[in-house]
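First the structure, then my questions, so here it is.
Chain naming follows the written order as A, B, C and D, and within any one chain the residues start at number 1.
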Amino acid sequence: MTIKLALIGAGRIAKVHAQAIAGSADAELAAVSDALPAAAEALARASGARAADVDAIAADQSIDAVLICTPTDTHADLIEKFAKAGKHVFCEKPVDLDLARAEEVVSIARAAGVTLMLGFNRRYDPNFAGVRAAIDAGRIGDVEMVTITSRDPGAPDLSYAARSGGIFRDMTIHDLDMARFLLGEEPVVVSAHASVLVKPELKGIGDFDSATVILETASGRQAVITNSRRATYGYDQRVEVHGSLGVARAENHHENTVVIGNADGYRSAPLQNFFMTRYTASYAGEIAEFIAALKQGRQPATTGEDGVVALKLANACVQSVETGKRVTV
Amino acid sequence: MTIKLALIGAGRIAKVHAQAIAGSADAELAAVSDALPAAAEALARASGARAADVDAIAADQSIDAVLICTPTDTHADLIEKFAKAGKHVFCEKPVDLDLARAEEVVSIARAAGVTLMLGFNRRYDPNFAGVRAAIDAGRIGDVEMVTITSRDPGAPDLSYAARSGGIFRDMTIHDLDMARFLLGEEPVVVSAHASVLVKPELKGIGDFDSATVILETASGRQAVITNSRRATYGYDQRVEVHGSLGVARAENHHENTVVIGNADGYRSAPLQNFFMTRYTASYAGEIAEFIAALKQGRQPATTGEDGVVALKLANACVQSVETGKRVTV
Amino acid sequence: MTIKLALIGAGRIAKVHAQAIAGSADAELAAVSDALPAAAEALARASGARAADVDAIAADQSIDAVLICTPTDTHADLIEKFAKAGKHVFCEKPVDLDLARAEEVVSIARAAGVTLMLGFNRRYDPNFAGVRAAIDAGRIGDVEMVTITSRDPGAPDLSYAARSGGIFRDMTIHDLDMARFLLGEEPVVVSAHASVLVKPELKGIGDFDSATVILETASGRQAVITNSRRATYGYDQRVEVHGSLGVARAENHHENTVVIGNADGYRSAPLQNFFMTRYTASYAGEIAEFIAALKQGRQPATTGEDGVVALKLANACVQSVETGKRVTV
Amino acid sequence: MTIKLALIGAGRIAKVHAQAIAGSADAELAAVSDALPAAAEALARASGARAADVDAIAADQSIDAVLICTPTDTHADLIEKFAKAGKHVFCEKPVDLDLARAEEVVSIARAAGVTLMLGFNRRYDPNFAGVRAAIDAGRIGDVEMVTITSRDPGAPDLSYAARSGGIFRDMTIHDLDMARFLLGEEPVVVSAHASVLVKPELKGIGDFDSATVILETASGRQAVITNSRRATYGYDQRVEVHGSLGVARAENHHENTVVIGNADGYRSAPLQNFFMTRYTASYAGEIAEFIAALKQGRQPATTGEDGVVALKLANACVQSVETGKRVTV
């Protein structure tokens, strides 16, 4: 049985997902919707699908599931609409920046009996997944300390930042989910520091561009996250997990493998700079997971609940910065 | 103006080229031909093209150029047919294993005034191209010594080997072209050694699986090639160029960036094992070059003549092994 | 003029320092003292010096300076004794585990007009010094975030741990000094977490084996330290400094450069496991700095005051763990 | 029983060996000789030995063995003198540039029943020895191809070059011995190419600065050596051995572990530039081997015979360049 999917949104990431669907033997793209009808038309045509509006998609009994690729502030309403229409839902993170609304929407999906997968795409990166696989295979023993380094090539526009929920809910939230993925135990205490070193204008809207976080679990495992909205050398995305029997890490992706040596030393290429290039494989991986989960009638590896927990941790970071205290989650 | 292309052959590499054409704004795939009509039909349907036989394609005035993706022993005849029909031709290497026939076909294409591009795909690999770009930018000064390491994950079937022209014409020929690409001056003297260390059955057909070659240019630049039909750690493809001001090299592609450390040391991933994975970017790059060359009315970076020169060098390697002497080309 | 030195202590590190002195054109070793006279005799003989007791050394007008290489709990008294005797003093860290006593001794040395150099040897490691040199040369712009990873191959004996002042004063203190060295601005706020994951017996004496620290400066620069008393893959000592124009890091020292590849991937050597091997160059460097500072009549790069500041930061870490709050220094 | 040694020569390398002897529990330095008596005096004084002339050393019954650290053209006569005097001999390579004389001297030592160790120091480098250990442990299966890259930071003075025997006998000879060490089977056929790319004046004395060599064994194992008298990025010394089950290589030594990243990529340090720094451990290792072999009454790992075989291979390289043919050894 082929799973029939609809894309809600026809932008950059929707096009990536359309390709992933085209490459799947188990799914096909039936419909595309977008606030700009021409965009929906173009993507539908290139994909052998039809353009449609969200209501028509919700009403279409032949469509099994939707992929929500629209701006953040539309996520919750769209999840609610499609869950109530009985569609399974894949949604890019976050569910919603407001915790109560996020929890409500997750409840609605659960009550409706539909699958709600949240696109924490980094878990599907082959490198990070490889680190987790090494842990699961017992190759590094018991996890003790996780170190996550995540630095964006540049700070966002002020207008984006103002709607983003701030660095912890917009950027760190990926790393908080990654920490959960690698720690193998829920963080219960959070300490966070944050400052503005990159883009002074962020002070005016109460946001930060440089942040460090410590997470601690009940058994004393610790994770450290360092974030910056600056990385002059490309998009910096690394993890390291230290265990009782060994250490596992995932290194960065360089633009190429060229090395040039002379009296000044050896120079290798900077990192891939664009997140969609760096995470190409992870975007394909999350869609493959969504299709596989639906096909097999099981929960996907990242659900709406994961989005709620990560948001709680992000909120705890904000509170820790504001109060100067550890926050218990 | 959009360039109309036809694929001759619908196998593995033809599918890769079809994707590259689909991603081009300057070209479209009009027709697909294959000895197995069903294969042509399937690829045509998936690509928005039509299935057709070679004669129909040759006769179709709307088709500008063909991409020949058929077995080696059909290349020369197909190039001749399409050149005489006025089509520009892209052909996977080699033109022909017989030097006289290869030269004849290149002459025919020249006389017909059509472009004949030979797919020495490795020149379009971003890493090797990056090394060449470093040379062209003067970053390592005058080229002095080139080292090329090329090892296949495994030896070919005997039946393939018997039709392949032997290791020098089948495998080393890529490295001979790469040596020309990086030396910046034509090799004029060749010494080669070869032996059977991997697959004893190759002795029965007079072929080898392990080979080393020295190439020397008129000014004394030297290139060394080492080839093996074995590489237990993946598909090993490296180049290094030593110059008067520095050294440039391209390293291998690993399967992922995971590193695991313990008391036995640090383990990183093996190399990508499949040549089509390793050279994904180079296959896209050669098609982009073909389309760009046609669009701009210029010669492509690798032509039929390059195929002829590389074959002469491969023949010289064979002669050097047989005679125990340096061979002047 | 040759500087005449005496070694107080004839143990492992004293022998290393004796070699460094032997290699200096500006200094000579005149005397060696040790609680075990035979040890002092042996080292003196091998070094062309004489054995003597501490009082004789303090009274010897020909001796310019002493190097204190005795157990931690003797440091303060010995510094006081020799400072009052007008000798310049080099002392391995720490001055004293008690902040008040450490400050007192530093005052005494200052009042006596003698140089008191504290052996924070890691600042003299060529790799870490190279990172600092890159900062000083403006190669990474303004420092924004410092990441220090420091993991010992194993946990100390309980008896050592009980006298050590705990992980923050014994182990982290090196990293706190390194953070100061690299941040270029004094930390003013500290958050620390700590747990027991490696050696459960440490709980009984109120110590920890796994710790993470965030330091923040007045301008918002942040440093993160992760410490473990375990590292199965050797002695792990890394720093990374992220700045407005680039990033600089110092990697670990491996046992050798051998790499072995096969179908399981590529294996390189574990890290040098013994701190005195890893830090060979830094021990020679600190002695060279002491001699150079005396020769040039200037302050050495690390003084008793640096020891006091690092101890204050270590105490702040302890307080942060105990209170669950950020501590202002 | 302590082995009593004498140093013949008091130059740079003799000083290094004096340190190695000082660190040995099984040997002591009794005497030092040099054409410059003051040099012998100074090194003797610093080492607790006495200065003496070669005749006195040869006549001294208490001296067990000598280390010859004098210019190349004195080696053969000194070996002969000391062998006839019943002393065991360690000699830096080569025995002699003339094959007949080298063979004669080796025979004399054999007839005299003394040990003649030749200092092919690179076999004692921990990295290259580690590669060999991996082979011996079966970790890469049967050896198939050896690749040796050896590039000096700069070309020698013309006066040195003129007395050196030429690049093959002076520089390549180390790599020829290394090839033997790693191939595990004697080379029987040699092809060599050579040219002048670095220092045009070398043409006037019939020497070269750039060379490539292929060695082949009876079973078809192949080794490739690339040599240059130029390396702008430090002293380049690498080996790689490809086997039926894996590959083993030894990488270069960098000056430090600092890496700096920015928009131009990542820069690491150049290589250690001075051969005595790069090979510090190997010089200590060869002396330790000499002492151990004498102590245990066994042959050392590298003997005069190894020097003869390597010289034959070097001569074969010269002949191959001159004749343009493979040379059978």
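Everything that follows uses one rule, which is that contacts are C-beta pairs under 8 Å (C-beta built on N, C-alpha and C of every residue); 3 or more make two chains touch, one makes a residue touch a chain.
Since we're looking at a predicted model, the values are computed, not measured.
Chemist: Using the touch rule from the top, work out which pair, B-C or A-B, shares more C-beta pairs.
Modeler: A-B is joined by more C-beta pairs in contact.
Chemist: Please indicate which chain is farthest from subunit C, where distance is taken between mean Cα coordinates of the chains.
Modeler: It is B.
Chemist: Counting only Cα atoms for the centres, state how far subunit A is from subunit B in Å.
Modeler: A distance of 39 Å separates the two centres.
Chemist: If you average the CA atoms of subunit B and of subunit C, how far apart do the two points sit, in angstrom?
Modeler: So the centre of subunit B lies 57 Å away from the centre of subunit C.
Chemist: Quick check on subunit D: which residues sit in contact with 2+ other chains?
Modeler: Residues 232-233, 245-247, 261-263, 269.
Chemist: If we count contacts the way the header does, which residues on subunit D are in touch with subunit A in the complex?
Modeler: 232-233, 254, 261-271
Chemist: Considering only the defined contacts, which subunit C positions touch subunit D in the complex?
Modeler: Interface residues on the subunit C side: 126-127, 130-131, 134, 139-140, 245-253, 255-263, 269.
Chemist: Which part of subunit C faces subunit A closely enough to touch in the complex?
Modeler: 142, 144-145, 147, 149, 151, 189, 191, 193, 195-198, 210-212, 214, 216, 219-222, 224, 226, 228, 230-233, 236, 242, 244-247, 324-326
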